[in-house]
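What follows is a single structure, written as structure tokens, with notes after it.
First chain written, first letter: the chains are A, B and C, and each begins at residue 1.
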Amino acid sequence: MTAMIEISDAEKSFTMHLQGGVRLPVVRGVSFRVAAGECVVLSGPSGAGKSSILKMIFGNYRCDSGRIGILHEGEMLDLASAEPRQILSVRRATIGYVSQFLRAVPRVPAIDVVAEPLIATGTSRVEARERAQGLLRRLNIPERLWALPPSTFSGGEQQRVNIARGFISDHPVLLLDEPTASLDVKNASAVVDLIQEKKHAGIAIVAIVHDEGIRDLIADRTVDVTTFAAAA
Amino acid sequence: MVEAPDAPMHDQPLLVAEALCKNYGRVTACRDVSFSLYPGEVLAVVGESGSGKSTLLQLLSAQLAVTSGRVSYRMRDGVLRDLASLGEAGRRFLFRTDWGYVHQDPALGLRMAVSAGANVGERLMAVGWNHYGRIRQTASSWLERVEIDVARIDDAPRTYSGGMRQRLQIARNLVTEPRLVFMDEPTGGLDVSVQARLLDLMRNLVGELGLAAVVVTHDLAVARLLSHRVMVMKGGQVIETGLTDQVLDDPHEPYTQLLVSSILPP
Amino acid sequence: MNAPTYNFAYLDEQTKRMIRRAILKAIAIPGYQVPFASREMPMPYGWGTGGVQVTAAMLGPSDVLKVIDQGSDDTTNAISIRKFFAKTAGVATTTHTEDATVIQTRHRIPEAPLHAGQVLVYQVPIPEPLRFLEPRETETRRMHALSEYGLMHVKLYEDIARFGHIATAYAYPVKVNARYVMDPSPTPKFDNPKMDNSPALQLFGAGREKRIYAIPPYTTVVSLDFQDHPFERYRFDAPCALCGAEDAYLDEIVTDDKGSRMFVCSDTDYCEGRQAAGHRGKESAAPWEKAHG
């Protein structure tokens, strides 16, 4: 299978200048590959650096060293050394990221929050909204909420809007940070179905999932993040 | 500096700053600033008052002469030209057509005693529009886009609220479909609720029109919502730059960390 | 006849040379406002000090001077300026447009067509047409230099938005020689077409503002407008009550304290000339004519 993600020897630490320049090592020697259609689940206790690795793959955290290779428009691009414009282009076309929390934009209705990534890549507004409706329905968001801004929704509803927004595009790489964390069984299984569909469509997925049942349902492989623990 | 327009436009920078410096006597307001801005890209310049960000905006928009360095702009013919070589007529023409400038104080960007319709229509008349009906029609549709009741088209902006004035200023700037907009603290001095509405509007317009923008702000929330990239300035220098979420979520420089840690939680 | 203590036409020769240089420059750049070192004159600002200085610099001993104020030869302002030059320059004066070589005017252009060789000198209060929209002189000068005249249409736009038509009735902006936008002084827009392609030389003097500008003979002068709101020279509802003229600019005259009024030519010379030639309006039957005629 084609490798969509190729990480080699990536390292990340934080230097806390406001705390007297304390250096907090996060991860070191991160190396793994993810193929198209494969779902890799990062495992390890809280604080092991799972979310940091996702953020490094998304280009949100900058690496101290190493490579984050992403197959973008037919070429392996190293996000660790890419220009901001290239990272933006990768995010538009290649990597989708579902964070734990929805960063809601004031006044924008839920349906448009979900449809926006598609519109941004050139899909017509009508078609994007139709697909957004389909996803919101599958994730059991009542229709009466679609026209309201999600900032007024409950935590679980916001998370499902967030998932719908993350799953609407056809990005070949998807990063999921606790997608089922605050969901009930019914909604969690809807998300598992969505993930399975993505895998069948050849999407490479890196996920953080604490629920072992769900992990077993979606994971092709797990990568133990504790092996990347950076010595303090 | 002339180069042939062979590559597609969006792969070529729209605005290029090379080693910009500005001194006032012995005081350095801006030191060695270089960057390229691409079509459709929004760059936020953040920093405290006195960090040189407003000076930088004036240098970029050719309102202030550089002490050394160069600002170049890719004109609609695809050629990148040194702004200093354009001459005043050329620079002022850019300002009426291909550029916008949104002031913090709308009174500086609007004609306060002239009706909203004429405020929006002025740029059209300046480029030779000579049909009242069409000018008014275009002004109306822009008022709608910035969510101003068209019934207020004949009222002067001095009768408008602060938020409306700012939205009118945006309409006045965007009516000629510029490719680059400079914004100086566009939400400064507005109530928080009014700010949110304005930011949302600007974000949509920038996206819909594919505008490039340089936004000077001390408000990191504005930078996060509007911009793709951030430059952090301190003492006239750029101390950190990168993708907006990189710089705000993973700040490297001590000063940036201080700025980020100073944001009150929402 | 010259008052012994004054130089010919009041101003000293050096001052007149300075003003003539400004006039020559103004003629060379039609519509452009040339700054000049305006002098104190023995009359207050607002009484035509700019026009008087231009006239003084222009006059020669053989000139024949006519002075009108809102078309009239017999108002205080017109008479005092006419007497001023009669006294200081000893030139011949006239009220007949036809006979004059120099006509100084406040707020009107005579109805009778001007001919080649005549000079029309306008008194100008505020020479800058952009002034009320753009208060900065530095900025208006740049706008003229770079032909940035969008702002002038803003004023006309405002008129239409407010009144449904271009309501500017005097000091109606014009473009001279397809280059400079110019304030024609507070003449009614009725007179604007007379400026276009006129065989006479037109000079404008603003004393307080220290500017001189000019329209050379046979120069194109276009009144600004919109395609869908073209410039219109308004018409009056009735002819002149005295001479019956239908093509002249009329003044409203209140005739008693009961609200009666009549409309008569503002150009007194034109009106009198027509009456002398036998033209009559509905109010023109003067009592003596009824009694004696």
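In the analysis below, contacts are C-beta pairs under 8 Å (C-beta built on N, C-alpha and C of every residue); 3 or more make two chains touch, one makes a residue touch a chain.
Predicted model only: the values in this text are computed from it and were never measured.
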| item | value |
| --- | --- |
| Most widely separated chain from chain A, with each centre as the mean of CA atoms | C |
| Chain nearest the overall Cα centroid | B |
| Cα-centroid distance, chain B relative to chain C, in whole angstrom | 47 |
| Chain centre separation (chain A, chain B; CA means) in Å | 32 |
| Chain centre separation (chain A, chain C; CA means) in Å | 77 |
| Residues of chain C whose C-beta touches two or more other chains | none |
| Residue ranges of chain B in contact with chain C within the complex | 88-89, 92, 96, 111, 114-115, 117-118, 121-127, 130-133, 135-136, 153-154 |
| Chain A contact footprint on chain B (complex, rising order) | 38, 41, 196-197, 199-200, 203, 207, 225, 228-229, 242-243, 245-246, 249-250, 252-254, 257-258, 261 |
| Of all residues in chain A, those that touch chain B in their complex | 14-18, 55, 59-62, 84-85, 87-88, 105-108, 120 |
| Interface residues, chain C side, partner chain B - complex | 133, 142, 146, 148-151, 153-154, 157-158, 160-162, 226-229 |
